[in-house]
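So that you can tell them apart, the chains are marked A, B, C and D in the order they are listed, and the count of residues begins at 1 in each.
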């Protein structure tokens, strides 16, 4: 990419530079359409055959005044001709729609990277709003970057001159102008976006026309003004053939739930209370009434889980969703589901804590809450997806485990997974394995014992109200073995506590063994869980390609642990556990396997960078820790 | 004690047998006055100079029909001429007021022990209620015990014949008759009980007369009918001189809070929602309005903790109390106190879980909930008293730590501590150390930073509303370092998470080092916490007296751990951790110190027996585990 | 999803009271008002023509909340204060079931007040029985939100200082479609009220005055006592003038927009006595809740009973409406609006 | 305990609006109704003669609940739905403070409904402002408990099926001693209402219609709009007949126990118009809450204002009453009723 536009090359000199990967960040005011721009660029990139990963960065929940730092919204995309697992450590290109966006994001840009700015937004008024003393385009502050100055608002306005639109309306189209520039620079086709514009705004032909013109104008501007030295080509990635779509973790979770409904033949019941960043799962499911999905917006989190348990008692696939503080509120009721041994899936899209914390930021700090955040010995299953797309299969698995073992299962997603997206290969619906969940009492009515268990799974019968002759009562007081009657006897209580714990352990039979990335023995083993997958895998592969003795495993199941975890740990000199918390999985592994695992902790509301993990691996290999 | 009364000895043969210790259990219907009888026997025993420990065993919360098993209430006392730390493993004497009480308790009696029954209650109707097929006094089922049959109801009736009382009223006095028998057998004085009767029933002279007569009649009956071979003498124990009273853990907790109020000069505010077994703390404090104590019965647990935090913001000594399920409900608000760094003491009188569980039984299964039962990285202090009397000093300490470090502190009592009692030496009020808690901002008003910390403790200023010029706002969103303004910056968040963790670690400076019971190095170290203290100490002392290489430490502080814990652990070959849960402290210690500690788990709603711990120590010493 | 439908049989079975008696020992204090309520519920259910397996009793925590254990129906003893949420979930999930909630004054109005209101405002088709003994029974005698101010209890040794909450007013503020009050000891009236509640479609809310013989004996003495109850209770009857008293010689009349008591010779009641109207707006029923002793008799019976769409029906209707051929194609759903093919 | 008393100065300081403006950037959407409310509160406080350091603003979570950050007073942004509990604790602990709660329709009536009711029934001396925009603003547009049935939102794409909750009715069911309604855009009336609320001793509950320009623009259009508001809002004034309309040509009258609208020539109102009475029983105010568009105008102003003892005063009174010389001797307390001496 070029230095300041002043020294652009002649057209004939332009050529196409082939690159392997690039990370681009769009940043601007919430009103600048940053997320939309990012989404369109993502689609075009996916269609061009690159592998990719994206990460939106929302301003804190509250709306901030236009032009200010807290109002800046971001969208990052990393795409490549090779496998992509993270949205990129540092962008190489930054598109900044206003001074605040520039200020908030410039420090992340790689040195020598390119920044494309909308010069029309660089006004004294906007500097003030962003708390900037001098014009960064005129002082020295950007000297380490290549700056491309484009008067986007003005140019867009020119392109739409005769449409009779207001200045505000015109200004709203400038993101398509910017998109046009980027499409030209990376040789993307305009087609998908043009189709999208037509569909999206079909009721307002002027807007269709305006956005179409802006997109073309930006494209043409880049081509004719020769603002870039050359365009870039990122070759197709060697992606498994098939049909793909782009998907966020929250979308994948919602779709997985609907799939679980179909596979289990159990109607989906989703009751919840809105909370960032989990609300989108509700929004997605509320639209799927045509699938028979029942959603209820409850009065609070406790009601959300209570309704779900009621529905589970009634025989539906019952799910509730929330984020950290909401999980705390649901704790007591989850304990009731443990005692009554009813299937229940609890989705926790983790965010920054403690307390209200950082609602729009990502974190993995609810693992121990999921494990232990209830009174008494109260074990539940814990499942954690590793990527946005994987939320689909992981939530299906969580539903299956909950229904098969008649137990609550907590699904630990996080803000990064929930809002981040990746290309997702559409599964063949017919090949998804059906669940075999029976409500047959398996006992004669005269002698029905609601807590008589399946010998293998220790699951108790899930006999539904409405089944004649099997009337029975359950509740939160300790149950007598087999009969399920209220019972306070000392030995019975201990036996039941152990049975409940053992039942969760038995789930191991349904949990795949781990697969080690790299050699099965070696110096360093990196153990991850949840959304750190991409960064860890990329870092470990890089280190491996440099000949380092490092392997990795990734836990999708934390309670119970996969059965081979202990053995794998033994085969390495050092164990490194990177987590977006202060060492929660670490504590579970240390205590269970007594290995002196080293933690790498990041509690910044942001995912790990590949480099952070790689450096730590190197430090361990060099014996620095 | 004699075998069946049939072969009683002649009066002249009777002599006094000196014994070191004895454990007696009274058992009967809730209506039989079992707890009252136990309480009176306790006072008389304490006044006789024995050391003692008691344990009431309440029927499950709900009232059960008279004469049935679930309605049986028990009270056990262990007294001795030596140090007593537990209420006794197995009673040597059982006083059973009805067949259900006999059935429910007989299996606990030592073989060869004595059972005293009220034969008048052994009717066909009562057998049916207790689910007994044949009269146990007539079949072989009691052949391994010495049975003393006393027609208590009839005899009491005779003694009260001319008082014109109804049969029910008369029957209510039979517990004093039984008490009279026991006083005679153990040579206790009647005086204290006679005084108590006069005071208690002073408004109803007939009842005073009736109970007085019943007590004397029982005493005379034992003496004249020679039902015992001899009486027993338990010599005075070598108890530290001073003034004593009997106290339960819940009483001691309430008194400790009032003491903390006086010592800190901060009015006590206790807001809570009733729950077994914590309600008695509220009942005790509600009576102390003359001390200026403010109690509020809130609408639920969340309101209870919310009000307390509000009061803490206002500068009072703010405390809330609950049991397991209630702690779960308070989790979210405790997180807010963590974020806003306000002093708060949360009392959790643990009971059997999960869910509603066994509300009247004891357990230690909320330790991990106390540690981790909140969203995000949310550290709090955790203090655990070891004996009923120790609740007094421990709760004062909890208040001090909370106020000094501006943090929530969870006080983990349990049902056994809360309801169990022991003689307690009255502290000298003037010698209790005052707290020095300041509300001085320590900064000029113009530049006030609510999160600027004390360098040593990391405590932030506790500036109270009403202080002119220091108006400021706090809340649950992440705070900027020093200023306390809302802040979402990545580095700031991580730094604040680490500061909050570090602050709790700094409390170590205020926590006494551990004292090792026994040799500082050796084969086995028993590590306990909370109410297992008595059983562990007794077991370890016994083993030591047999020359075994075993020592013990007891944790009164679990977060943070005492600073010398790690070093002490290293000095032993094996570590044993007995807990009334499935291994919660064990997990904390294993993960922190990587020692292969062995757990001894009991989840029966009942405290450990000394023998259970001793056997496990021996098994470890013999290398059996 | 059609693999587990629960059709209601055409010929309802002949059921008797004893069919609803479970095998569990009933554990309330002798003399507790809960026994009478249990008996009336067990007597009422067989008259409804509903198969036994369709009934579900859901409760919170409290003495009253032990109720489900004693009913030989499906039952769920849940957690403190939250019973309406479980019932809402169950009814939405399984509209074929006949769902009852049993709660106490503490369970339903202290910790659980919000869930109660929200169940009622949704008009979910369940029946809620609130056993009001104006005390916390199970936890052994603390004052409750319905206790009168000044109540001396374990937690209020100098008398409570909170003003009481009135269950019916709370229900009416949420525009309850069915609101009634009954007294444990007046078993016939109680049974009749329960039957009306059962027949109502939508949330039926019934406050039952219940005597806690151990911790609050006699709070409702006037209306509990056979000898006095006719003088102190006003039995509301739709379309009938409000007359009460053993000799039916007292009535209620509106004056200047306010109710007043009038006395008259039996049989010679004034023409302008207030006529009860179950179908009126919630304001009318709300006004009736302000008839309180000592000035007024205690109204019992059905205060309000109006028909409105239920949440569960509306939920099902939306689903029906959304169902179109092909609209539940999972493959199409997964494919989303935009996708692309990666070739081999 | 007497080491930290907070006497109120005799001569209250001269305060100005700007004294209540904090240094934090106000982060609401441009055009949000919250701005107007903030301005009116900042204008009202200086008129009360109370030192600035005595004010405390406590909120839950929501756009509205960001309020305390913008006030240069003591403030506490707590957790979702629980603000009344923190306020209750603080006021009981520190009766010298002037405590305000700011909450939203979701915060106060969805998750927090129960705490709201219990604060009101205690008549704790705090002021509660409920910003009702009939939507969840902060979480980006789900319907709220006050949304009309049929509301299309992110979580109800086919329209909500819950019946709405009415804030004032809920407050009145708990016998609120002060109940009022105001509209964000009618700033003078809002300021006057706030002043009345501030002066009331006991729980003051004020519902403020607030326009959420982003997610629910125009729900209150009729009463928000300068051009139409006089025709659609009925300003309640104690002791005055209920007249409204730009031309003051409409009024409210009771007929057969029910309200009706009457039209008349300006200045020639009928004699039997309903006269507002703030001091009446809660039934009267409750009836007024049923005046709703389209049939009726929307009443605004003070619905009810009566004096009753507050929880915090009663609590302090019990403590005063309990205090006797020697009744706070710690040694004596610790010694208990029974104790014994163990000699050396």
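Here is the rule we go by: contacts are C-beta pairs under 8 Å (C-beta built on N, C-alpha and C of every residue); 3 or more make two chains touch, one makes a residue touch a chain.
Note that the structure is a prediction, hence the values are computed from the model and not measured.
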*Counting C-beta pairs in contact, which comes out ahead: B-C or B-D?*
B-D
*Where the centre means the average of the CA atoms, what chain is farthest from chain C?*
A
_Can you work out the whole-Å distance between the CA centroids of chain B and chain D?_
44
*Can you check how far apart chain B and chain C are, centre to centre, with Cα atoms defining each centre and the answer in Å?*
40
*Averaging only over C-alpha atoms, locate the centres of chain A and chain B and give their separation in whole Å.*
47
*Distance from the mean Cα position of chain D to that of chain C, given in whole angstrom*: 30
_Quick check: what residues of chain B touch more than one other chain, meaning two or more?_
70, 289, 299-300, 325, 332, 336, 340, 355-356, 475-477, 486
*Of all the residues in chain C, which ones touch at least 2 other chains?*
61, 77, 79, 110-111, 113-114, 118, 145, 158, 162, 315, 318, 321-322
*In their complex, what parts of chain C are in touch with chain B?*
25-30, 61, 63, 66, 77, 79-81, 110-111, 113, 136, 138-140, 142-143, 145, 154-158, 160, 162, 214
_Contacting residues of chain A [partner chain D, same complex]_ = 61-66, 68, 70, 273-276, 279, 282-283, 286-287, 289, 295, 297, 299-301, 325, 355-356
*In the complex formed with chain A, which residues of chain C make contact?*
1, 3-4, 6, 22, 24, 51-54, 56-58, 61, 68-69, 71-79, 82, 85-94, 96-97, 114-115, 118, 315, 318-319, 321-324, 327-328, 330-331, 333-336, 338-344
*chain A - residues contacting chain B, complex*: 60, 70, 323-325, 327-329, 331-332, 335-336, 338-340, 352-361, 363, 365-366, 368-369, 371-378, 475-478, 486, 488, 490-491, 493-494, 497-498, 500-501, 581-582, 586-588, 590-592, 594, 596, 602-606
*chain D partner contacts - residues on chain B that touch it in the complex*: 43, 46-47, 49, 192, 196, 239-247, 251, 255, 258-259, 261-262, 265-267, 269, 271, 288-294, 296, 298-300, 302-303, 305-316, 318, 332-333, 336, 340, 425-427, 429, 439, 464-477, 485-486
